[in-house]
């Protein structure tokens, strides 16, 4: 009964991509630890770029730098 | 000073139901572990059905199957 | 498919008390939100008192104060 | 590579305040544990007051009491 | 900068299996969302079977039933 | 009533350093968001280096590389 939580920035993750993350995580637990597929829960959290920091800066600021702003 | 996090799918949980989850969790910690009520925190996360997976599928897909779609 | 995470300080929680927390949380989700019992996951984390802080102090320090040390 | 998660009620946290939380957490880990700044992740979760409970009541109810309602 | 948390029961996960979970999660985020590998963090939590509940029972109890006890 | 969770690798964090993390986080929430000190909870998780991955590798492996192994 694994539980997988995936946190990513909220930058346009599509429903199809979410399905791939759910399927891929579930398959990974099955392949590595032989966990029955129906017992795996996956929760995806999409986090606003203002609310995610790396290296002391928000991802909002990092993205602006990447764009040369 | 317990901390309880309840994650459920975002399928119309009312404010009254949230109050019952908060009250019920707090009472449970008091009853079982004798934790003073004022020290218990409860955080409820409502997760979009696209973002929750069980058995490799999103809850969105599971709900559609349940409805016979 | 609710997921409940209960964090408490690691101060001698017995296996019987853990079973009561698991049973009680599962029953709460069933009663309030009509969630099928078999779909509820509960994870209990026991946290060392050095690793839990309230009001800027560790619970280790708070417990010493309560004992009049 | 520390990971810091800060949960606060969703009561008007500004982007500037979020930047201060990100910067402050990152600096704290650097100062106390000598963690390189670029390896620290910070995620801020803003939780609706209906979804946060203290002492068995929602923060929505607590705020109403504080206002004398 | 994704963050992946994998919780599994503490039933003999080897260091090699942990490496496969870390590698597999990182590859999944790269494949599905094009996330640079060096920005993905993975944290694996191993939870004692007394501390994990499914369907109102501890995994300790479920495992005993599976063994026919 | 903020809740702060700090995850770091389990590489010899002392009780004094934990107290500094608790005090520092609590002071940060007070300074930035004016949160009363007594309402802030801090939980520190120490994660084994086998259980933490960055860039697809465990921290155990990264530390060995840093030591030139």
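Labels for the chains are A, B, C, D, E and F, by order of writing; each one numbers its residues from 1.
Criterion: a contact is a pair of C-beta atoms (placed from the backbone, for glycine too) under 8 Å apart; a residue touches a chain by one contact, two chains touch by 3 or more.
Everything quoted here is computed from the prediction, not taken from an experiment.
J.: Applying the touch definition from the top, give me the chains sitting in contact with each of chain B and chain D.
T.: Touches both chain B and chain D: A, F.
J.: Of all the other chains, whose mean CA position lies farthest from chain E?
T.: D
J.: Going by the average position of its CA atoms, which chain sits the greatest distance from chain C?
T.: A
J.: Between copies chain A and chain E, what's the superposition rotation on C-alpha atoms, in steps of 5 degrees?
T.: To bring chain A onto chain E, one rotates by 180 degrees.
J.: Have a look at where chain A meets chain D and say same if over half of the interface residue numbers show up on both copies, different if under half do.
T.: Different; most numbers are used by only one of chain A and chain D.
J.: Taking each chain's centre as its mean C-alpha position, how far apart are chain A and chain F in Å?
T.: Between these chains, centre-to-centre, one finds 21 Å.
J.: Roughly how far is chain D from chain F, going centre to centre by Cα mean, in whole Å?
T.: Result: the chain centres lie 15 Å from each other.
J.: So what's the Cα centroid distance for chain B and chain F, whole Å?
T.: Roughly 26 Å separates the two chain centres.
J.: Tell me, which residues of chain D touch at least two other chains?
T.: Residues 1, 3, 7, 21, 25, 39, 41, 43, 52, 54.
J.: Where do chains touch, given as pairs?
T.: Contacting pairs: A-B, A-C, A-D, A-E, B-C, B-D, B-F, C-E, C-F, D-E, D-F, E-F.
J.: If you look only at chain D, which of its residues touch chain B in the complex?
T.: That would be residues 7, 47, 50-58, 60-61 of chain D.
J.: Inside the complex, what are the residues of chain D that reach chain F?
T.: Counting only chain D, the residues touching chain F are 1-9, 13, 17, 20-21, 24-25, 28-29, 31-33, 35, 39, 52, 54, 59.
J.: Under the stated contact criterion, what part of chain A meets chain B in this complex?
T.: So the residues of chain A in touch with chain B come to 15, 18-19, 21-23, 25-27, 37-46.
J.: Mind pulling up the chain A residues that touch chain C in the complex?
T.: 1, 3, 41, 43
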